[in-house]
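Letters A, B, C, D, E and F name the chains as they come in the text, with residue numbers starting at 1 for each one.
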């Protein structure tokens, strides 16, 4: 059981019932998630001491977000109260040729208005082993970006390993700004996680010959991207998720890990999708758990991919699976036979 | 069928299932309402040509608000698209000694950022008979307050009758500011609607000897308030709703109308509450319908009170009743016997 | 365990969710009921061998009606298949001053098109003790009325006791026709059940000085009605239910039994209503059970009233209570304390 | 924005929850649809001025149908009130080898009893560009068929383009009668829409070598059918939808357009089905929109097929998609990647 | 219509909503099922006189189990009341690579505590043609196993045919004990049903060269197993179901019948799964129906496989299909086209 | 923020939807509660460091119970894993004259099989201020009773204050055994909580002249009971809740506190009930919070009664209210006016 700290936003996710469109639904199903919160819940589910740092409003909606994190075993004592509102995102589930659709209503959230004085990183990191953040957090606002920089420095000082999922969000900032801001943090980052678009959108690093929508994946292209990332920023490890979108209902899912000068490609999973949101985050959560527990490079990758494969079958943002469930799939049993 | 124009905000209302608290609910029931939107739907239900003027974001959530208004027969062609977001309010249903609770998340809404250029009042009022707004609309922002003033002037010019529900909202502005801003519009207002708190909170006009929480109502006090309101602003009519809160489940409900130099007190209804939100708005909707159709003063008051009595038994913000249903209750049949 | 045969209609009842109005609901809750079917389920719940005779269409909706009756222990072997459709009624739950509303869509139902050849009464009545029908059945159509007459005669021949709930339905026939048709069956009826309106609407027999909507009940008036009914038709027993409608949420409920030349008035129950539909039928079910099992006149009345009091607290058309539950209330415990 | 008039039935559709069978479900999800109503909603969603002409009962169920159409932007002023009832159809969702099942309860509906005097076609068509009906409408009754003929003639006189989806319904009439009645309207029809069965069932025109259940489609066969249809009736365009039913969960979906003496075959979509009902109607809606807006023949076909591909992923009868969503799929992106 | 008696357990099945995990769900969907109860409902659905013998507690939960069986036409007069509790199993629906998960809470159930004196087999079997039980029943407890032996002997004496589904449950007993106990019953068994694991786990009989999780099936291996089973116990027929688990969402499904010295292999169905629980039981139900009605061996097998293919598309434990629906699929129509 | 330790059972509560009876409901709403767990959640809601000690099975159902407690801020580190099953209770909501009904299925639960070695009380009590248990815990089994004795002694040794709610459960043990076992713990108990039945059922101490079901309360009788309890066991405080059951929908609710030789009677609340279960526990939770925070005797009683009044309006077992909400009611505002 290692202490891992995640810093970012938690939002109220409002989803129409079943496959209804926004205009059809008489009600919204509510869960509370976000890129870093999702990683944090994954880690709590794996038995780590997972700490989530954010700012939520001092009202029952903010409290509900705290409760949801507590429910799944996350340490919520550093979820600061204050500010204006909890960010919301509306999420409509797609199917077949109809894509899932996200409408963000996250501006003016408490976390986007957070100040450096809101977080005492030295105290937060006491006893911790790992720090995780994503490219979404600094995109929320300049002051939040400063908080991230504070956290990175404090983590380094306290001897933590730091991981970052680049997670570019075009609604929050431009590639230009993202590149500039993110570059500040990279010297403090040990493990870089990205999908095939992030590296290009944030740092202009391109995977050659990769046809994303067609679902074909070029291994050489990904090696290229990982190599360039490592060369530019000196990461200890680079992980790239490889999604092949056949449709909103069916995806191929795999990943690559570049570590200790070796390239590892995971097995590929053909996934029939229940809820695709948080798929990338669940990869991050699996990877951090595996690395923190000294899995072999190959096992770490396979654990992370199997974990995120399972996420696609689970409702909501979070990945509610145990280590033994992930290992069962990683060990080869994807037959889905009833477990009695 | 008369054309009535209502101007104000429409919000997404998110309510926990049944009597659950915010922290308990796995989903939120969604309706779309607001003070002026609710009056507008009432009028559409009574067969008037009801036009709703507002600004909603150009996204599916804004569209859902438009659809809900269309569904109930409102003319939505003047619901302008643009701006940041649809305002939201979370609404937890109370029971017995536990009050209903509203958490507003309405800041930065499209309508609160509306500009004078968004509305062409001359065009909007073409063929119209009546204009209705409430004290909530100008409280949303200074530019919106200017839009209200534009509308008031245009309505006067076009020969419409104008009604205003004072509707003080302490979360949106102070009594001081409310008093100053609202005073600008009053010269254009013909019919003023208020509850026992509004007159005091907005204009400092007090009902003497009225114990609100105790549920006792002093007729003389209300006469006082109405008289003072009329004297200060020259209204043609003043209507005051009289709520006696026994508990969140049971209320007494009545109203007073001061018109043509007479005071009319309605019968009192002991209401067992299904959904109390929009109770005041349904009174306004009933009153406007009755006055526009030349009911006698006494009938107008009784229609408005019976209408709003029924609203308390209906889910959501809107009052889904027909003229004949209101008249049946107004005529004395509150026995609730099954209608086959 | 006595065999009781009920003959009538079973309909699909479609009710909006909770207290929503027809225009609001995204779905309808489905139960299957009808005046005679409800009596039949009551009797099955009390442990009698309850047989329901009707005609339903040979499709899955007809089958669902059969299944619902089977589920609660009714013998469904005489539910004939054929005809056009299952009758439907839409039922909106009222509250406080808003009445419940029923929209019938029952025309052209299989049972309304039933023919005399559809039912072999001699076989149906083999081993039976009691026959029950209501005024709704013959109102469905002239051929069905003939079936009722067949049944009455066969019941008499087979030595059964016959009960009839007058149950006037103004949407199905006029008072004039009802009076003429119903008069044919009365010579075969031993126990007549009615509410204060039925006797007047069907046979022109009026309760003097009874203000129904006001909720006041004149004992003398009811005695009058019962006496006249008995005198005209020679019933062995006349039972009249006494509903005092305070509102759609609260009713007073009691009944009178005239038997063996005595008048019995039950205790009165102040009922907070969950579902009022089937209230009268549950009285009938309780009365038949009590009479068939030789309860004293007073106990029979109290059992029937307690049973129907409980019905008002139960969702759906049927009265899902056991004999011991009814007896507990009849014995005086209406305190509603949790039973562990 | 063009005015398009659709004439036909709107029914209440009652569907069990999820994949439950009729006998299992405790409630029914309610939507309001029908062949022509579905086309009409599609057109409203694409921004056309869509007018729906029908007759519904003057009760809350009829009103709910009106409201549903209004909600999605349809002009409902020509939905006449009166008659007996709203038609109902029960619809059970199939999966894999279990087919979806429809139980009709549509006889005696208000529209089936409509008379020629119910509709003033000259007034209805004022300002209109297009008239659409299907083979279901005249199948409802002889008087309705006369209304259709009136409409066809009035449309021609007013210079509208007329489209007809043959839509054979074996429960409503025989092939013999259908052929005779439908032939009357064909001289007025410009655009004929059919699936591979309709042409045969209505007009005895057969697609050679087409194995429907096997999912294989012979292009030559369809060309044959289209050519014969055009030759017999002189249509300007013939469109045939090509459904390959692999199972209730997975279909292939494509279409052919024969216009300006050219045959166009669309791309094929492998669809994972959410709700298949209204698939053909959504093709019609897409085609009318495309033709009315002067898309190229090839684009018109691809738009219609992409639109109807998306319909299969949407709950209910209606196709709730925008022009830009259809164009995105038509443009080749069927990868289903989340849209943020 | 033949009388068939099934003996075993009926449990309350509690399943999270949709695809939620146990830790996520705010409610549980409730059905009542079990290996033998499921066979019994299948037979009732096919029109047989299906009798279910078990013991349930004398409380409303036990009554609900009785009601569910009654609802679907099962004769419940031999469901004895008494004992401690109704067994429960929690059932979480899997998807794609995530397996369905069953948590049993069945210990101390009424049936597991049943005594030989609870059942009067001679009376129960009067007029019966067939007796069915599974390996689950004797696994519930030693006294229950004695009841099974009593039943087997009484069935033999009364001239019934007896079928047994081996149905090994590792949570209830060891292979060693199962082998010993089950061997006692085999002399009375005419038709033995098993899947590829049961024969090995119960009797140590192994299918050579069969890779279960890989989804490949070796015909020769199954022939081997069937032959050995028949040789050891002298069965008249041996049926083996062949499941190829691709994932929790997709399975291949087929079966083999060994009878009259011939091996019959059914067609294979690629099934997209709605609810896989009860799949094997529905095969048993289909087989018993087919054999009892003298289908040809080949037709009996195809009926049983088609029936169980359909079960995978139906919610809950039971197989709610009719003979004509099964025959339609058996006849080759698995295209899933809408049935109107 | 004080550390409070509660020891007892947590069960899965399964409740039919709305007011349905057990036999009607298609699903059960799931919450996790129990006498001591409910007190514990109350205390967490008031901001105390609430620790819950119990034993739950090592399966997902046990985990769900842990999660529910975590969600509301309870320290769950001493919820030991192991044993057979999580206790269940089925809970049907009553209304008006129909009582709520509880069916227990709690035998063989993990906690009922707990051993003394399962709990290290010295460690558990480190830093704690208060220990709470109820008469339910020792009733679960003899070994559990020994655990309670261990806890009582350890609490005394560690200087904690101990409270006990007598909470007699007739389904778990006899009065005779309860009296004997409970007497062992009383020397360690400082604060004794009871309702009017408990004192008699456990210790044979009777309230004179108190008619429970009639809803009349004799103050003198309660003083008598409290005095006798204090005299026999030397409690520092005795609190007695006074429930007047008018019906399952309406109760009167008040309490008495006997402390420092004074009798305090609280105000009475007329409560319209949403969920009555846990009403007594919420009184205990309020009282412990008030006493631990040194409220005056009178305020402590009023806080506890106001807290439990609010509980009756909240769904589920737990009392989800904040200190400020309780104080608002305690301060006199029970008018239920909407809080914006």
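Basically, a contact is a pair of C-beta atoms (placed from the backbone, for glycine too) under 8 Å apart; a residue touches a chain by one contact, two chains touch by 3 or more.
It should be emphasised that the depicted structure is a prediction, and the values quoted were computed from it without experimental measurement.
Asker: Report the chain whose mean Cα position is at the greatest distance from that of chain C.
Answerer: A
Asker: Using only Cα atoms to place each chain's centre, name the chain farthest from chain E.
Answerer: Taking each chain's C-alpha mean as its centre, the farthest from chain E is B.
Asker: With chain centres defined as C-alpha means, what is the inter-centre distance between chain A and chain E in Å?
Answerer: 44
Asker: Approximately how many whole Å separate the CA-defined centres of chain B and chain D?
Answerer: The computed centroid separation for chain B versus chain D comes out at 42 Å.
Asker: What positions in chain E touch 2 or more of the other chains?
Answerer: In chain E, 18, 21, 23, 26, 67, 72, 101 touch at least two other chains.
Asker: Within the complex, which stretch of chain A touches chain B?
Answerer: Touch residues, chain A against chain B: 14, 17, 21-23, 25-30, 59-61, 63-64, 67, 84-86, 88, 90, 92, 101, 103, 105, 107-108.
Asker: Which part of chain F faces chain C closely enough to touch in the complex?
Answerer: Going through chain F, the ones touching chain C are 18-21, 23-24, 94-102, 104, 169-171, 212-215, 245-250, 276-277.
Asker: Within their complex, state which residues of chain C touch chain F.
Answerer: Residues 72, 269, 271-275, 306, 309-310, 312-316, 320-321, 325, 329, 333-340 of chain C touch chain F in their complex.
Asker: How about chain D: which of its residues touch chain B in the complex?
Answerer: These residues of chain D touch chain B: 67-68, 70-73.
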